[in-house]
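You will see two complexes here that share chain A, one where it goes with chain B and one where it goes with chain C.
Moving on, here comes the complex of A and B:
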């Protein structure tokens, strides 16, 4: 049983992986935003920033430093968070403390790909942080993709939070 | 004795017997079902069980660590997709390490397709993979002139901040190479590096019966039939007197 079960589980895992899709590499996204990608910068997460990020994500941030790209006017943040079971990779472009645009770069869940639709993502354009580090506008959910929508909201808030911290 | 009365007594007797005999399995199915239903909230997929007997039960071959990577004050031992950095586990599903180097306050563990950067106390600072690496696959890592050096198919690349890369390497590079572990250490580390199996998978297999082996699901099919009989006999015992009135 265990060997066959293992093969079955590995097979299912492989099938699930195959469903995951990379739509754009982070380097291509950064190059698209800036023309030529500037050198990456890092934001070190102090205890205060770690606490703020944890409050937004509902779990501690994975790393103690966050890479980002900036030309002074715009900053680009590539973030990852789990929707239901798998990581979603998204790129966030921020200009003057507001989201310029958002793109899903890789989606690995088997369901909920609707979060990469431009009609959904355009809701984030122009959003900033309100009190309590929440978005200053409501984001309409997608039936069947609730957890992915929540992950996108969390990452948007985190990108804005990090951008604000990087400018202070 | 009238037939209906005999039938009711027989039903009641077997209802009780089946209920008692299958009690443990009903409770097991109910508890694991509730837990799986709230798997995401309980974080079941990110919790792991590390036990040699569970790995053996699943037929997972346990790898014994043969070598370690050392710096002046740090030690990395890896096996079964797990790392022990200075004696502390660093996470699950880790790649096979290529080397360990120390750069000031930072420790860098290289794998074929990633670099994990740690603080001296073991906290993860950053994980570089894909676009953040200068090439793939990494073949070796080392230090030279205060810089991190990685060997790639396109040649060596150096970085002072484990962030930006320049092609080339300092003249003298100390490449990280493994040292063999003593037999007693191998066994001790093997116990601490037992393969990980996710709690979600174990609960799922307990729920479906697969945990019990090839015939487990069939056995649980029988339990399901019992549960159906209980439901029907319970319904009959509840409804029959009311229908007669």
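Moving on, here comes the complex of A and C:
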């Protein structure tokens, strides 16, 4: 019995080494999108942009600037927001004012990792902003991950909003 | 001449002061710009839309109004529950989760209110596939037990199947292992060993074994239970099942007549949820068996002032459909209908006057709507009809929230 317990503990430790909550670093995500990552740019959040971001997030943005990467055709935004208790980090690639693809880079909650599911994230591809800075399409939720789904929706809207602002 | 000299002197002093002040301001501004540049050039990518804190607060609650058709039951408005959660991240892998619940607004020895620790558990995340938890946590049976915040379900009152058969909010003290199987497949498992029920505490067969669950309060732990659940989630889809089993006699700790009696309880369920377009469909089937009911009857007869026939089989099912007829901005209006059936069978003992309560075979129809004024704030209204006990027929209103 103690030997089996030891094997179990060692197995769990090995699993801990093999997998973590950070699935991809922002640097790796940016490099994947562009090949060679362009220098980061900064969008300064004017009062108007802060108000717009707050309306989307339902809380004021914490920072006065937002870093992003762009090669002119595509832009990449790494955003974070809280699902239920913890920050979710996600990468958003935008092309011509529409989401090209979305990926969860880090998920820290103990439940709700299903938002990483490609079939869930695929719903965001092609989405743009409609009136009131809402997504122009509905996103099907995931039972038991309601607040994480809401956070992903908010961040996708914010990425599109920031992208639009960066082009003006 | 003297006046001119004085004016000149004052002017020089003032200019010097101004120049010094401007230089100082420029120096501070330059320092701030340098700091900002340094931050922007940091190698870590990304910038948080909101900074995270190691300790976070969550909450949910509901205010309900029940207007009964029958005069036998009082029309009431109630702050049904006020719950706040406190969560803490010790490091990247070790976290603590808790929820404290206040029911019925006022808690004192003369009032109906209760304060309960609904959850308090520590989780160690080895990976998404392997989490180990310990403490007081929710048992993963049904849909409502783990996801019970008012904006996440239809109807003012929680459904009866997941109240009388699955005793939501059902929590036990124990340890468990849970996580996602096969990467992002959406397949989640949860298994563990916990405290179980104490059939010596049974006092209300109308809710099956609910009155015998111990909620982590000096729980008799002679007999432990095990549970397991498997859920498959994709966007819009949930299919799952769970089982919980263990002896409940607790070696007679509460009722000495149950010493040596197993009184094994086995409860299981299957559930599904499907959202397609504007349509929400949901169904749950739950089933439980409590063994040694004859011996439970004998124990109840010997100790209870108002003896009742012990429940030996409890099952229930519901189907529910809702349609989002209006969705715009943060507003979402969805009428729904739910059909439920409850069947709690009791071990009759006619010689001692213990009989089946006919009210424990019930059919309930609920129709109404949820109106989300924000994704996390909902207004609700519904009408409920009980086929067996029509004194429960009522009209309900509610406000619910979560954050």
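As a working rule, the second predicted complex is superposed on the first by the 148 of 168 C-alpha atoms of A that agree within 3 Å, B and C clash if a C-alpha of one lies under 4 Å from a C-alpha of the other, contacts with A are read in each partner's own complex, and residues count from 1 in each chain.
Throughout what follows, a contact is a pair of C-beta atoms (placed from the backbone, for glycine too) under 8 Å apart; a residue touches a chain by one contact, two chains touch by 3 or more.
Remember, predicted model here, so these are calculated numbers, not experimental data.
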First, second, both or neither for A:27, with chain B first and chain C second: both
Which superposed partner A:65 touches (first chain B, second chain C, both, neither): both
First (chain B), second (chain C), both or neither touched by A:113: second
Partner chain in contact with A:150 - chain B first, chain C second, else both or neither: second
Partner chain in contact with A:123 - chain B first, chain C second, else both or neither: second
Dominant toucher of chain A (residue count), chain B or chain C: C
Where chain A meets both chain C and chain B, residue numbers: 25-27, 40, 42, 62-63, 65, 67, 84-85, 147
Complex interface listing, chain B residues touching chain A: 40, 45, 57-60, 117, 119, 123-127, 130-132, 161, 163-164, 201, 205, 210, 212-214, 216
Complex interface listing, chain A residues touching chain C: 12-13, 15-16, 18-21, 25-27, 29-30, 40, 42, 53, 57, 59, 61-63, 65-67, 78-82, 84-87, 89, 107-108, 110, 113-114, 116-120, 123, 132, 134, 138-147, 150, 155, 158
Contacting residues of chain C [partner chain A, same complex]: 36, 40, 43-52, 56, 58, 85, 87, 89, 92-93, 95, 97, 123, 125-133, 143, 146-147, 149, 151-152, 180, 184-186, 188, 231, 233-236, 238, 273, 275-276, 327, 329, 375-376, 402
Chain B-facing residues of chain A, complex: 1-6, 9, 25-27, 39-40, 42, 62-65, 67, 84-85, 147
